[in-house]
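Two complexes come next, and they have one chain in common, subunit A, joined by subunit B in the first and subunit C in the second.
Up next is the complex of A and B:
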């Protein structure tokens, strides 16, 4: 179960590039490729271990003019999908606290 | 996965995003291959300190694939500094090398990079033939040793063979040798002029008779499945999804199209790649330009596998008729006509 105060960080060993609003992620050995839509790409770019899930939700509300409860539900669901695919990790501490 | 890659390639071609960057790290080489197309002049290679910001620029622009070539890339003492920095920035690497400088230690370092592949030149199935082409005794043994060392470490190795009049009758043996070493053979015919326009390498090219002896008819006939639409016939990514950077930092549309678009010592990659008002680049990126080329209405179009880069080297114009392409198209036409008479 994802906690909204957890920090979100992209997994190491993944290469990614941005083409317009689309992020493309490729695994280190090139065997897996993922393509993210506009909102997913926005979340991905924010996932630098400096922001929490809550922070991401707030920024989505600002950027896409969407209500918080909808943004919260969709973001949690999407982050869980990225965790399940080993694309991002969640942590209790930000890298800024190290 | 293939669908996503093809889609990204298409986006990059349409939006001129250099998905592939061919980075010539040096023109220095320890071999002197008879057919070599690369120039030999040295005017001051980019240092590692100059290369690293260029890599960052390529990341921002969307480049995923870096092809390191030369000269011989391992003559650079800082090669692994460059390669490690590239991997840390998420690039996928393909290394092109003659293999002669690959020891066990170097092979370990290459394996640690986890490159997408290493391409090693193999010009013969025996030392006599390979070393004749490279003009350096012992180069065959070193290349074969390099292939073994890398394959043993799990690196994907492709052997690259250009067939010429001195090695074409070993084609099958070269293929067998490559397979036996655990590599993938990539064997092609067709010597190209040197990038400075010199036609000297062409004296090593195959005659029509050599080609007929060398290639089974099914390979020849496969070349006839070409579209008659010139815009589709030349689906070249040069200047669109492909870019090339010389050892001195000059940017060109492709390795085989050395038209200088600008210097990375004076401008950023984005400034060069997206410059307005560069007639050459604009024309290269205009689909209609192909339709008005002399090749558009050629009777041999369906037999022609044309490289705009080679046309540029030969004539100064990527849209002009390429004597090299015409030569091979006439040969295929001849084969096709004879096989249809029978």
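Up next is the complex of A and C:
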């Protein structure tokens, strides 16, 4: 279960690039290629271990025309998918505290 | 065409001259026949592979479908496929010596052995530049009236069909081509690697367009977003891992960078095609081409 105060960080071993508004990610062993839509790409780019899930939701509400409860539910669901695919990790501390 | 019994053959892979040396002339003769059309005996080699064949009982070893994921590196020693191919890299001398299990050189397994040559090719490129400006691509390539076209996609998408339907043009290869970034733009080049179409020519031409193939009942072109194209196409870029590295993330990053440059300069399409020559009319009608 994801906690909204957890920090979100992309896994180091992934190669990814942004093409226009969409991100393409190659898994560590090259067996999977993922492409993300505009909102998902926005979340992906924010996931650099200095923002929490809550921060991401707030940024989405600022950037896109969406209600907070919907943004929160969708973001949590998407982040869980990324965790399940070993594309991102969650942590209790930011790298800024290291 | 006859070949002299020799213990060396020199093969052209783009600008790269790879010398295969073996004490057994029969092995070299097999390579000469297999890479016929791409032999450059007069060129000084850029890299020498000293090859020894290890014979074994039939059925003793299983050949994997890919060597890439099985490389183990320890110092300058490398091993692929749990010892199916292993050896030492002497990068400063631009050579390596390898021992190859017999099973990897016979019949269709030679295609798996070629994956080793891909890494030798990338070793050459990395030795020239800090990052490659050429990539091996799983695609067929055709030179049509001085315009280069690359047709890519998963196995079974029609790459060899396109090549055999293009016998009136210059077919560069139906399986593996080189796409090369030059100051003048992107070029497409032949490789000696074998698919099903054997009448390929050692040739190069400016790259006019790239098509991802799909079989269809009618011919038509569909524009692709850069991300959609990259998601498909990057899977057809041969992993740019040199012999001295196992860093896949670095290779994937470079492959994605290469795709970024490519989509900025070269038109990209999905080509839905019927298995006859009429797909060329569809391409000829496209204004940008």
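As a convention for this text, the second predicted complex is superposed on the first by the 98 of 98 C-alpha atoms of A that agree within 3 Å, B and C clash if a C-alpha of one lies under 4 Å from a C-alpha of the other, contacts with A are read in each partner's own complex, and residues count from 1 in each chain.
The rule is simple: contacts are C-beta pairs under 8 Å (C-beta built on N, C-alpha and C of every residue); 3 or more make two chains touch, one makes a residue touch a chain.
Quick caveat, the model's predicted, so the values are computed rather than measured.
Steric overlap between subunit B and subunit C is present once the structures are superposed on subunit A. Contacts of A:17 after superposition: both subunit B and subunit C are touched. By the touch criterion defined above, A:65 reaches neither subunit B nor subunit C. Applying the stated contact rule after C-alpha superposition, one finds that A:84 touches neither subunit B nor subunit C. Shared-chain residue A:26: touches subunit B and subunit C both.
Clashing C-alpha atoms with subunit C appear in just one stretch of subunit B from the list 42-50, 96-104 or 330-338: 96-104.
Across the two superposed structures, the residue set of subunit A contacted by subunit B and also by subunit C is 14-17, 19-20, 22, 24, 26, 28-30, 33, 35.
By the touch criterion stated above, subunit A contacts subunit C in their complex at residues 12-17, 19-20, 22-24, 26, 28-30, 33-35.
Against subunit B, the residues of subunit A that register as touching in their complex are 14-20, 22, 24, 26, 28-33, 35. Residues of subunit C touching subunit A in their complex: 68-69, 225-228, 230-231, 234-235, 239, 248-253, 255-257, 259-260, 263.
Contact residues of subunit B toward subunit A in the complex are 1, 4-5, 7-8, 11-12, 15, 17, 59, 62-64, 90-92, 114, 116.
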